[in-house]
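Both complexes shown next keep subunit A, but they swap its partner, so subunit B is in the first and subunit C is in the second.
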Partner chain A sequence: MWIYEKKLQYPVRVSKCDPRMAKFLAEQYGGADGELAAALRYLNQRYTIPDQVIGLLTDIGTEEFAHLEMIATMIYKLTKDATPKQLEEAGLGAHFASHDSALFYNNAAGVPWTAAYIQAKGDPLADLYEDIAAEEKARATYQWLIDMTDDVDLQDSLKFLREREVVHAMRFKEAVQLIVDDREQKKVY
Partner chain B sequence: MSTQTLDEQYYAQLLQLQQYDFALVELTLFLDTHPNDMQALQQFNQLAQQRRQCAQQFEQQYGPLLQFGQSYSRYPWQWAQQPWPWQV
Partner chain C sequence: MNNNQCRVYYPFVGPFDPCPPIRVKTYVVPPNQFIPFQPMNLPQYPLPEALRRGTLWPALFSPYPCPPVGKGGGDY
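And now, the complex of A and B:
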């Protein structure tokens, strides 16, 4: 089971109301390489991955939910004081018409999240290579997001998330090696 | 907690807890792929103990961090009180 902890993994501060950035940040909320997709991808793959990698998928999948909450906090803080007119000017008119200021799992272009974004092949190497690619794509997205804002407070939180993608990719690469080593050892005996 | 004004100390204590948790998340993921690293394991257990004390202090002052019985509550029920993480 899971226990919720009433705190963010890392502080999220924003220095201004900025619905334009909120719209772009949705890419990491409900996008193909976003935090929701990451959490659901890993936590679903773990049931059929070799035993020595289950712990890693469980822990990274869980951490992704903490990142999802950080992104949600950014979007919430960037839009909570925006008027409908400001939302419309930021390209969020269609969002407002359907959701008011509520968050929704869609990407930056407004396309709703779909399970088609994620895969589970049952083949451990195929799954782990997808996971490594997902982390690298998310890292790239965070870099573009950092480049798109001059809000240093927001940049600080985004840089933390970008670095987490780097660490996750590294751990997944080690997991690939653990499985490869294990297979070679089995061949010897 | 809702009537309590969040002072500088709240943010400082929260940050300290987040710093412990950062080290512990890092060590957790590292140990997941390096289960035989004794030094990392010792660091993990040591920090886990310090983290527990830090969390206990925070909870005494600002209310429960966990629920389903993982944290205590004063009267009236503190869990559902503000602030939630995105409100600070």
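And now, the complex of A and C:
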């Protein structure tokens, strides 16, 4: 069960009218290394992982949904006031043909999200290493997105999200350590 | 049976929106929403007009686009 707070995890301010950026931000919305994939990956893997890291996956998976909501806010703000013609000029003509200005879970190239992006192997190390890789890939994606806009307010929110990926990767690495260490623990029965 | 198919709503306009706002958005509620099962002997268009409109019955005709501003009207 979740409790919803009707506010964003971090403020999203978009100052430049640049619908093109919405197309690129979609990579973090419905892309392979995006927030949707991350949230669903962690919240699904947590059932079959050793007890001491279940809570970590729950917490991070939940936070990914908060990030998803921030990305959605950015995309919405950038597209809600664009006419069909402006969307077409922004490279979103194909998107409009199918979705109007509705948001949709696809990547920057318009490929719809698929569960094949994520994995659940049932092996704690395999799953946690996938999670670390996902965080690093998401961090890189945020870097490229920051490079693509000169809107300092949008950059500010993206920098916050990028930093969270760094922290999450660190926590997952610690989780790996917890699982590895257990083997060396001296146990007296 | 023409103009009330077009509904409008007024989306939230934030003080910090990056683009000039679209204040009125529209959507269509076509007449089939109001006819659960088509009654017999409805009035009919003359045949040539029916061919052009895509339906034999004025009660089912749905014009597009919506007249008011919103999505650009006749602009696109």
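What we mean here is this: the second predicted complex is superposed on the first by the 185 of 189 C-alpha atoms of A that agree within 3 Å, B and C clash if a C-alpha of one lies under 4 Å from a C-alpha of the other, contacts with A are read in each partner's own complex, and residues count from 1 in each chain.
The definition used in the following text is that contacts are C-beta pairs under 8 Å (C-beta built on N, C-alpha and C of every residue); 3 or more make two chains touch, one makes a residue touch a chain.
Small disclaimer: the values here were computed from a predicted structure and weren't measured.
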item	value
Touched partner set for A:L25, first subunit B, second subunit C, both or neither	neither
Touched partner set for A:L87, first subunit B, second subunit C, both or neither	neither
Which of subunit B and subunit C A:A38 touches, first, second, both or neither	neither
Which superposed partner A:K6 touches (first subunit B, second subunit C, both, neither)	first
Which of subunit B and subunit C A:K77 touches, first, second, both or neither	both
Touching partner for A:K16 - first (subunit B), second (subunit C), both, neither	second
Residues of subunit A that lie at the interface with subunit B and also at the interface with subunit C	77
Residues of subunit B touching subunit A in the complex	11, 14-15, 17-18, 21-22, 25-26, 28-30, 32-34, 63-68, 70, 79, 84-86
Subunit B-touching residues of subunit A, taken from the complex the two chains share	3-12, 55-56, 59-60, 63, 69, 72-73, 76-77, 167-168, 171, 174-175, 178
Subunit A to subunit C touching residues, read off their complex	13-19, 77-78, 80-85, 151
Complex contacts: residues of subunit C adjacent to subunit A	11, 14, 16-22, 71-72, 75-76
